């Protein structure tokens, strides 16, 4: 078990080190997320002003879009140097590599969300700080749900044809429950009097989702990544 | 299995010939009248769609973990049938809804789950077609994850609007309707089995041809 | 939980992708302390065979035995005894040479990683460039670094796919010397290459692949180049005779 965690940690550290050298993915993904928010702000307009009720939806859409972009870019980098093969050749449990990659993605998405949440809060006059703990719980569980499926799909698509378009095609339908839960939970917290029981319900749904899908991903990672 | 195909097909023809008669003799539903009769085709199609999704998901898991090419062929046939029956559901549903409720679509739990399942399996077919070599495994992952997703989607769409479960749209069955309903369910179930077997056979024969090509090179 | 072997047996291995047979009933065996050359035209199946030997791809039929165990039986511990140097060198261009080696050393769980890394850098003649980012290296430098990476964990079986590509004469000779040293220490080295001149002094044995099949090697004492050419020509002649027979409408 410690070996598993050790390998995951090493893979994650390597991913973060590589990223910090150029910071290309972080900068471009954060900027892309911000652009998304702007597009929605201009697109969803009522009486000449952005639709404030849309804050929850816009936040999660931006996370999903930015996440898909970040996943694609991260694995494109691995594909370019075929280093994913080198990782598969290590004498460790292969799912540990999946966990390492997942942790790296979570770190990236954490940075993106750290910028997105204040941005959406300011532009849409949304009080994300009303129930900070529940909001954080929603963001954490939702991001894990999205990233767990996304990391698996992006990894398995690395050698596939049309992988750029197939990633969103496969990922979005599967992560719809995450989006629903995230948006409804956030909207509940953004009401005049935050509806905490509702938000807690959505957090528990997300926890279930995370457990099921991380387990499924760990299970299917090795058969999907090896050719037989 | 294959020697039952011809009698099965024949039986099915008889059943489908009889169906309109059976359906015509059912009592009219109070609020919706004639339009409600579309339900005799809509609901069995939806049932077959869900069953096929599970067949596809389980066959995909067997393919992925036991490396059984046969399971993969069954999964492909089942996946196509999800989309086919889904098409029936998604066209009959709005037709019914437009007449019955005045709107083409409603976001209740059952409709949303059905739509999402349909989309997941359309994506399944897309990835199998356009994923390049090794796409069978990609599809298998999609089918497994899609199948695991069904309960979450259902719960999420049920509680989407309020914390109280939204009332279901499909009304419960009057006694006079039950016979006709189950007749249609049985017919659709047999149709499903027939189509699944035929489609899987085509894939099996294709695989045999591939094996012959490979053997020829020796 | 460690695993070792001194014999590699490829037993009637075939691999097909759809309708294309990449490998067709290949059988081969090697023992410790041998350098086997894998020659053949492009598309012959050399890379596929190396992928199978490195456990990244499973054979469609047949098995590969490491000692007396298959890859499945031996489990992840087998990978600690395999080293692969592919076309793409599996190096992270954004990391320095030292960081690349350190990452792989830690990933493989090797003790005293920093000493190993220093030794490897010396072997690769890159000690002075250790803290430079790999994207600035020439092909030859990357090749040397990649080879050291593949050797960090002292594998029993070393698989090399076109290792001489892009190397200048001096580097090529240095690589030949290194491989011979490994052979003398009991490694099984399998090299797929097009470079017949460098392979001349290197190979103990020869395996020639064409269209996925292992060809019977022409047993002359002439140079490697001649032996290879004769093998291919003999196979081509045999094949055209077969085609001639089929063309006359006879069943085979």
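Here the chain labels run A, B and C in written order, and each chain numbers its own residues starting at 1.
Assume contacts are C-beta pairs under 8 Å (C-beta built on N, C-alpha and C of every residue); 3 or more make two chains touch, one makes a residue touch a chain.
Just so we're clear, the structure is a prediction, and the values are computed from it rather than from any experiment.
Asks: If we define chain centres by averaging CA atoms, which chain lands farthest from chain A? Would you check?
Replies: In terms of C-alpha centroids, the chain at the greatest distance from chain A is C.
Asks: Relative to the centroid of every protein C-alpha atom displayed, which chain's own C-alpha centroid is closest?
Replies: A
Asks: Between B-C and A-C, name the chain pair that shares the greater number of C-beta pairs in contact.
Replies: Higher contact count goes to A-C.
Asks: Between chain A and chain B, what is the gap in Å from one C-alpha centre to the other?
Replies: 31
Asks: Could you state the distance in Å from the CA-based centre of chain B to that of chain C?
Replies: 49
Asks: Between chain A and chain C, what is the separation of their C-alpha centroids in Å?
Replies: Averaging C-alpha atoms per chain gives centres 39 Å apart.
Asks: Can you list the chain B residues in contact with two or more other chains?
Replies: Within chain B, the residues that touch at least two other chains are 133.
Asks: Two or more other chains in contact with one residue: find those residues in chain A.
Replies: Expected reply: 227-228.
Asks: Of all residues in chain B, which touch chain C in the complex?
Replies: These residues of chain B touch chain C: 133, 210, 213-214, 217-218.
Asks: Can you tell me which positions in chain C touch chain B when the two form their complex?
Replies: 16-19, 21, 24-25
Asks: Please name which positions on chain C make contact with chain A in the complex.
Replies: Residues in contact with chain A: 51, 54-58, 76-80, 82, 84, 86-95, 99, 103-104, 106-109, 133, 153.
Asks: For a test of understanding, state which residues of chain A touch chain C in their complex under the given definition.
Replies: Interface residues on chain A, with respect to chain C: 3, 6-7, 10-11, 14, 17-18, 21-22, 81-83, 85-94, 226-228.
Asks: Where on chain B is chain A touching in the complex?
Replies: Residues 64-65, 67, 116, 119-120, 123, 126-127, 130-135, 137-138, 141-142, 144-146, 148-149, 152-153, 155-157, 159-160, 163 of chain B touch chain A in their complex.
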